[in-house]
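What follows is a pair of complexes built around chain A, which joins chain B in one and chain C in the other.
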Partner chain A sequence: MSGKLKALIAFAIFIVLLIVVAVSYYQNLGIISSGRNVAFVLLLILFLAGYSFIGTAKEGKTIPVRKIAAFDAIEEGIARSVELGKPVHFTLGYGPISTVNAPQYLAGLGVLGHVARLCAKYGAPLISTLGVPELIAAEEEIIRDAYYSGGKPELYNVTYNVRYLTDQQFAYASAVQATLHRENVGANIVVGPFWAESLIFMEAGAAIDAFQVAGTARETQIPFFVLAADYAFIGEEIFAAGAMASGDIETLASIRGQDFGKLISWILIVVGLILLPVGIKLAEYLVK
Partner chain B sequence: MIELIGGWLAAVMIVWIYSFVYKDNVLYRLAEHLFVGTAAGYSIALSLDSLNRTAFGQMAKGMEYWHLIIPIILGLTFFFKYSKKYYWIARYGVGINVAVGAALALRAAPMANIIRQINATILPLWVEGDPLKTFNNWLMILITLGGLTYFIFTFFPKTEGKAGPVNIVYKALVTIGIYGMMVGFGYLFANTIMTRVGFLIGIILQYLQPRFDATVVAMILAIIAIAFAVMKKK
Partner chain C sequence: MSVVVRRTIPQIIVALVIVLMVVFYFFYINADVSKGFTTADKALSDWAIVITAIAAIVGGIDILRYHVNQIRKREKRQIVFSCVVIVMEIVMVLLACYALYSGIAITTQPNFQWLYTYLYAPADAAMYSILVFYIASASYRTFRARNPPAVLLLIVAIIVMLGNTSLGAMIWEGFLPLRDWIYNVPNTAAFRPITMGIGFGLIILGLRLIIGKETTWMGRRE
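Our next item is the complex of A and B:
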């Protein structure tokens, strides 16, 4: 199927869904929950934008990404570990994957790929601890591919590189902090969804003078990473980092789609602020 | 008797886990391995129970629950990771699990993350007779716009770093966003630490104080273990 035909079909689906929203709203059919019509239209616009950006990226258009300091720092941390003759540690969290945190686990996997490739490049041993049983196979594959394609197959040892601990929070946390100490890691890279264990990891890493790069999109844990890590990914930076790390142009295009959503929000806020003094409350229209 | 053993075990394990704050030692290892092993065993028991209740138990009731075979098959695909030839089949189970999670996140995102945030930010720029409210509104609007600008990764002025009105506004918004976030993080940090200290006091009152004898014995043993660890390193 040609790109133009695909775009046409996507646009047709978009128009049909828009008609459904309009009919549902004016006829009170209740297809879309009350007060969520604008949210649904916004979601459709974001789908279309994301699809369009992926299409243009596939055609070869490059997507510029602003500099993320924590992302660049990963290489510095791994190189430092090699100089010190210490292994690199990575962890992406614990728990079931089929939750709203799934995108964060995926971002963590993207960063793991980048870390593993750099470890292969510099010849650093990598230890990846995790508490997500569904991702054991994916991690093994990512690390194996990185070491083999990097010309360091001798460094791949599945029982050393990938260590599944448990999916229970503090048992996982105690095992991770013990791993950091016993293996005396040189760099501690922590990217994924984290809860109360975040500060435990940072403290354990700081106690052994490890170079720490950490990130999560869970608001309550970002402060611990910002405070205790050498470099921190703040919130959504982990998704951008995951996309940059994967090197996958489609994932990067989807980040551009998300950015488009933020631009729309930005514009709607400014328009709402301009209209407010003249008596038009945009906020009321948005929840119709 | 069981209560006494339980009380001793809880107090001893808490002290031994805390002993890591000073140094890794053999008693911390014992507590850690017990903790991880128990948690792993508990997870398996929970998983089997969940499988029995939500899948096999339901299917045993009749054919109306036949569709539950689909997640069971998807779950079984995970075992293909042990096959060198068919390991790729395991990706389907993982992929669908991830897709379910992503879809769950997406369902609420436009309303919670976009519409409600926009509505909470459209505030009057001038509140008659209430300068503090006016100041708060300005603060809220500027920090939100700044934060949004900071998190836009792929749209930014192409002449970044050079002079010009667009760059000045962009840089100012990003700076406001960063400072605003840092203030927010400070608040969150302090709040969480306060909660954690509350947990610590709770642990002392609930487990350590009632079993003071166990706490003292565990502490003496932990000090000996740490001393051994220090001597071994020397």
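Our next item is the complex of A and C:
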């Protein structure tokens, strides 16, 4: 199927769904759950925007994508570890994957793939600790692929590279801390959903003078990473990092969709502020 | 394993689950369909619980594999800890099996309960309490007046800290309302865009997963 036909189908689906929402809302049919009409339309707009940016990149047009300092810093950290003759440590969190944090685990795996490929490129030993039992196989696969495709199969040792610790919060935190100290890692890369253990990891890394790159989309832990890590992915940047790690221009172009969403929210905020003095509360209309 | 099994099927499953979740969340249609959506949603959640339970067994085996390997290699710094982990894992599994054999819930088995209450729980609490020292050391490293933003951070931190303690109220009664204002106005204003950005990031990640553009979580080998 050609790219133009795919885009046409996507646009047709968008228009049909938009008509469904409009008819459901004005005829009071209740097809869409109460209070979720505008949210659904916004979701459709973002999907279409992201898809059209991918299509534009496919046609060969350059889509400018902002740089993320933390993403570029990963290579610096790994190179530094190799110079010091120390291993690289990566961790992506603990707990079951079947929660709202699942996308953060996926983003973490994307970053792990990038870290593993760089470790293979520089010949650095990688230790990946985790507390998510569902992801053991995925991590083994990612690291093995990276070392084999990077021409360093001799560096792949499953019991050394992938270490499942536990899915209990502080047992996991203490095990990660012990790993950082005993293995004396040169770079500590922490990406995923984290709770109180985030600061424990950062301070343990600082104690051994490790180069630290950290990121999470859990709002309460972002300040700890921003303050204690050398470089931090702030919120949505961990999802963008996954696209950057792919190295695929089309996938990378989808990040513009995130920025388009921010533009929409800016417009809504400004319109809301303008309407407020005339007694119209935009927020009330958005949840109808 | 063929590319279809390794890549295509997982991609289709992930895309299908995302589309279903969007449909379950946004569509109502009528009371009967909505009830069907709720039942299907619950079924998906139940499958996830089953997968997690099976994955926990894989996790247990993985822990055992790592520590047996450490003992075999006679890693001096690790061997004692590995022995403790293996012994504790085997003891807990045996006690759980004994509980099942006795026809009682695992968590109510007296020995299992004793080990959890008097060994695991205090260790867990101790680890949590260590966090206070980490906060202190992180604060010491962070709150240094190196440049104008760091000075601003230091001032705000002092106000919030004084607002949180009775000492602050003794010095000046205005610390508490000032702390609340910092929490409710600048802090909220700074957090909202981050929260919205996370939402947009999730939506675009969802799109990439639906159209099969996000494959980094599966490795790259073809």
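The criterion applied here is as follows: the second predicted complex is superposed on the first by the 274 of 288 C-alpha atoms of A that agree within 3 Å, B and C clash if a C-alpha of one lies under 4 Å from a C-alpha of the other, contacts with A are read in each partner's own complex, and residues count from 1 in each chain.
Convention: contacts are C-beta pairs under 8 Å (C-beta built on N, C-alpha and C of every residue); 3 or more make two chains touch, one makes a residue touch a chain.
Here the structure is a predicted model, which is why all the values come from computation and not from measurement.
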{"item": "Which superposed partner A:L276 touches (first chain B, second chain C, both, neither)", "value": "first"}
{"item": "Touching partner for A:Q168 - first (chain B), second (chain C), both, neither", "value": "both"}
{"item": "First (chain B), second (chain C), both or neither touched by A:F224", "value": "both"}
{"item": "Touching partner for A:I13 - first (chain B), second (chain C), both, neither", "value": "neither"}
{"item": "Contacts of A:S149 with chain B and chain C, given as first, second, both or neither", "value": "second"}
{"item": "Which of chain B and chain C A:V65 touches, first, second, both or neither", "value": "first"}
{"item": "Touched partner set for A:V38, first chain B, second chain C, both or neither", "value": "first"}
{"item": "Touching partner for A:L286 - first (chain B), second (chain C), both, neither", "value": "first"}
{"item": "Partner chain(s) touched by A:A245 [first = chain B, second = chain C, both, neither]", "value": "second"}
{"item": "Doubly contacted chain A residues - partners chain C and chain B", "value": "36, 39-40, 43, 46, 96-98, 103, 106, 134, 136-138, 141, 165-168, 170-171, 174, 178, 182, 196, 219, 222, 224, 227, 234-237, 240, 255, 261-262, 265"}
{"item": "Complex interface listing, chain A residues touching chain C", "value": "30-34, 36, 39-40, 43, 46-47, 50-51, 54, 96-98, 103, 106-107, 109-110, 113-114, 133-134, 136-138, 141-142, 144-146, 148-149, 159, 162-171, 173-174, 178, 182, 196, 199-200, 202-203, 206, 217, 219, 222, 224, 227-228, 234-240, 242-243, 245-246, 248, 250-251, 254-255, 257-258, 261-262, 265"}
{"item": "Residues of chain C touching chain A in the complex", "value": "22, 25-30, 34, 45, 48-49, 51-52, 55-56, 58-59, 62-63, 65-66, 69, 77-78, 81, 120, 123-124, 127-128, 130-131, 134-135, 137-138, 141-142, 191, 193-209, 211, 213-221"}
{"item": "In the complex with chain B, residue positions of chain A that touch it", "value": "36, 38-40, 42-43, 46, 63-66, 68, 96-103, 105-106, 134-138, 140-141, 165-168, 170-172, 174-175, 177-178, 181-182, 196, 219-220, 222-224, 226-227, 234-237, 240, 252, 255-256, 259-266, 268-270, 272-273, 276-277, 281-283, 286-287"}
{"item": "Residues of chain B touching chain A in the complex", "value": "17, 20, 24, 28-29, 31-32, 35-36, 38-40, 42-43, 78, 81, 87, 90-91, 93-94, 97-102, 104-106, 108-111, 114-115, 117-119, 121-125, 141, 144-145, 148-149, 151-156, 158, 160, 181-182, 185-186, 188-189, 192, 196"}
